[in-house]
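Both complexes below contain subunit A, partnered by subunit B and then by subunit C.
Take a look at the complex of A and B:
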């Protein structure tokens, strides 16, 4: 797909984007639309447009100046509108929570079903000029000691950020405890929740010491797990499938095979983008855009086909920039690994302003990058791909993977962004710091909206000075 | 000659440096950092370039170089003792523990989430007790057995202190207990980083004999330079 105009890569603010937008023809604007609807599905607009909907803090951010990034941001910010439209035109809107990217694959295999992640609202308060969502969550009984995903409780209460879902599927078990807590509160508010259990991936030693030996398997990523874990996941996926069958009246397993193929195409593209970013001498795309792309792997921002096209377009942009040896950061930017995503997108901008370059990430959604086997029974293939999830295993295993990346990507330092209140952050950050003692590490508790202060900047700058 | 300026939240420190400290000055920042910076520049003339550090470092418009106080403290510590492995800085607004090797930062942690573990905590408590900082420090030295202050929040600590006073506890023991609580907080922040000796204690907190005494309970060999308040400014000047 051809780009509409060419610009030298750099990061720009809202004002510049709005000026640049004037160069885009009406014909081009109308070409890109969600749900392939030319009447109301047009989403291309400068990011400043979304300030009208209260996202006034977008003014803090710097964006990639490419047309491809513009298309991506227009699409991503348009998600709320898209979900309400989906409902209006008779699609079934399915909320999935805490499952780390598998349930949407099942949902997308049913006709006219649109999955979305309510927890992705966790960064919405950081775009808003008020902390209303978080304050409301506190009033509803989910206080500050819970991660920013508590915004979901307020969203369900306000009925304004997404339509009432036709089905809510929430995960518990090895999923994030805060997500489970949030969804239990939503359930208490009168919403019906379909619960699925994600089991913990215990270390192989645990099973070897059991009197009854277990059959052990190994994922392509190198995680050893007992076969019963795979069987358990398949049972859970079958339950979800049945629930979706009940909702839609359709049961066509061939659609799952097709969905897996499409998902694999997206994952290949995203892996390609990540690989090019890691290997290029100059960062071809900013960390913020990369994070949005990585998260899109989970569900395609509620219109998978359009998202796939967007990512394909970005893939070609990155390829082009790498071939030309151009990018968005200075050549001497220090390569770092980023562990756990930041709820506040501004931090990704700030880290780059301080002289770093994110070459690898451990956003606890790495399993959404793994190729799903296409030559075995699909539910088993989904289970086997999912077992690679770092969040369901031990911190030691996660650290081992981070260490491998550090060596492979020649990372000079590790940045950990903690989500205040998120149980796994509280449990594992100190352990990560201890076990990665041979490389400079900086851990930051991501503060509540508007909380990034001079001290956080000082810490980032000192982190850079220590690595130089 | 280099002028190192450390624009802290409470004090702005300046040193004229040429292999050694030629002249130095400390002024209150008093929410007017730009004025404090100009006053330091006027008082310490004859420099060729300025290297700025500290909370307000970016306000030094004509700085040749700007460095964080973390790097500046690490470098400044080597001026006093090249063998230093850990720097503990208790400043007005935050506190830092910096692990160093050959004058370079290896790792660091900062407390910037609340007043606990900072000079601000001491100032607030001294104010509540109607004592000057000098009187506060001197009284801490008279203590024979510090009281335990558990509250990290300055407001709650005040309540706790009031209870101890009502119980008839000695004021010097309460004050030393306050100092000890700050150091226990520092130990907590250091966590997995660990505090490895030799330790250099600096920042405004190092001027408080109560805090020095409390820190020595845990690290008997700590080194407190006479110019402890100037470690950052000296370090900045050394980073030419």
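Take a look at the complex of A and C:
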């Protein structure tokens, strides 16, 4: 991939990005398009464009100054438009909710079907520094005590953030229970929901001394699970496949094989970026961009092929920076692990400003990071990949994984960002704090939009001091 | 009907060719905001915070769909050296154009963050954006190079020079274009969407030929600059632009705001490519009564709301400064009622 200009890596603000943007030729701008549409598919815009259209937090965020990052942000912020355009040109837009990682692979295996995750809208109130969506959700019966993903209810009500989905596939069971309530509310609003069940991954001890012995399996990531769990998931995926077949009239299992290959390519690239970031002496890319890349694994921000190209471009950028020993943070930045994603992107900036560097993450999307087996029956492969999910098992297992990362990556501290109202945070955070007692831990309750206070900054500074 | 979307969400849907809950209703409430807020006009156009606060007050009262940062079109010419009088209760009046004696006179290349009243606008944008930018679009009206040119030279002289010394005028307009782009850059980074206004390129002022050969060229260049940012560009030209309708397609504007034009003709000629804005008669708005305004505006909206690329209910020109509040409210009410789309 050819880049249009070279800059020394650093984090820059919105205005500097706008200045830098002036150096990019109009020809280059028109080269990058989603759905390959030249009329409305152009997305290479600086952060200022999206700020003018209401993303107020962009005014205070700092971004990677590379052309690659510009392309990434332009593409990601364009998603609402992209979903509406998808519908306008006859694609089927499928809302996949709650499973975070597998259902979109099934969706993408059907022609002209575009999956998206409504729950990713939980970032929108923060990017907009606005409580509009959250307040609307409250008025619609989802109270303040629910996690920020309640913004989704307002989005379904307003119909301005994505088009009416052709199909809504909602996964419940061992998923986030707040979000299950959100999904139920969406159904109560009159949307037809296709429910799928995610089973809980019981620990092996559960099966000891049971009258009916279970066959236990182990994922490549080391999670032990009963075989029946795999079979259950396959049954659920078959049901979803049938629903998609009914919607599209197409039934071509070979496409699933191809989609898995493509997904694995993306996942390899992302894991490669993560690995380089972990091992490089200087952080080659900021934590914020890294989080966006990691979450792109879920569904490719509604144009998978374009996203794959973007990630490939970023992979080469990171590789180049690592080879040259250059990066975006100071060499003495303190390596930390980040547990649970922050609803407020500004926190990722702030942590780096305080002198930290995120070397490893546990964003509860482990299932979207692992490789999917290509040499077995595809639905089984999907089931086995999903079984690695962080949220479907015990906290103990999750902590074990975090511990492994801490030791391996030599992190000096752990930052946990809690979502107010999200029950898994309420249940898990204290346990994580307790069981990871050998490193400094800071847990922050992410406040409502534009709510980060001096108090949080002071706590972060104290956390940094404790690690030094 | 009760609004479902915020003005920002509504505008966002319009520009991606989706039907929002209803048509956006954006009467051109500019200096009229000073009347609503009860402040002297001079305070409005010389103090950014005052301008923003007046606009926000008007927004809170009227509940229309955009904040309009604007007072008059001499702004850039003033920063380039033209002199104005500043009456307490009226808008600035051109006193001495910078190029009074001809094209060889000196013009100033302004600093958009410091020169004359340009920072007033930027301050107003920042204040408004910070206060209500999450729910309502902030629009900043930017005079197009042709209109600014008419404030750098005595207007009649500018028009004569356009014919006699087109190369000299071109140099001036190129300079103005650069200055305007730089100002747009600041406006964007402050948080507003630039609207290009070119009232002196109106068919009431110039011939279609001059429009096509001079004014339009610079509108296009400015629009191209804004399109690089992927903005949806609004072009507003007041007065009678009937003879210019066919050229508007060539400007590549995404939305066109029209004044004294037969909108059904505009609907026919433009609406497949450009979103329409307009065009309630501002004299009627000033002098008529709320009932009549409500009725007439309602009829206008019903005729135009199904324009193919979308429609914004608006006035043909700025809402007159002293327009009674009840009249503006009646207009907005009609726009909201009759402009409803969703079932």
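List of remarks:
Everything that follows uses one rule, which is that the second predicted complex is superposed on the first by the 467 of 468 C-alpha atoms of A that agree within 3 Å, B and C clash if a C-alpha of one lies under 4 Å from a C-alpha of the other, contacts with A are read in each partner's own complex, and residues count from 1 in each chain.
FYI, contacts are C-beta pairs under 8 Å (C-beta built on N, C-alpha and C of every residue); 3 or more make two chains touch, one makes a residue touch a chain.
What you are looking at is a predicted structure, and each value in this text was computed from that prediction instead of being measured.
After superposition on subunit A, the partners subunit B and subunit C are seen to fit next to each other with no clash. Subunit B and subunit C, viewed from the C-alpha centre of subunit A in the overlaid structures, lie at an angle of 90 degrees when rounded to the nearest 10.
When both complexes are overlaid on chain A, the residue A:54 reaches subunit C alone and has no touch with subunit B. Touched residues of subunit A were counted for both subunit B and subunit C, and C has more of them.
In the superposition on chain A, contact of A:26 is made with subunit C only, not with subunit B. In the superposed model, A:458 lies in contact with subunit B only, and not with subunit C.
With both structures placed on the common chain, the touch criterion links A:441 to subunit B but leaves subunit C unconnected.
With both structures placed on the common chain, the touch criterion links A:15 to subunit C but leaves subunit B unconnected. The overlay of the two complexes leaves subunit B and subunit C separated by a minimum Cα distance of 24 Å. Touching of subunit A by both subunit B and subunit C, each in its own complex, is seen for no residue at all. On subunit C, the positions that touch subunit A within their shared complex are 4-6, 8-10, 12-13, 16-18, 20, 129, 133-135, 137-138, 185, 188-189, 191-193, 224, 228-231. Of all residues in subunit A, those touching subunit C in their complex are 14-15, 18, 21-22, 26, 29, 40, 42-46, 48-49, 51-54, 56, 59, 80-81, 84-85, 88, 128-130, 132, 157-160, 163. Those residues of subunit B that touch subunit A in the shared complex are 55, 67-71, 93-94, 104-108, 110, 112-113, 191-193. If you check the complex, the residues on subunit A that touch subunit B are 430, 433-434, 437, 440-441, 445, 453-456, 458-459, 461-462, 465-466.
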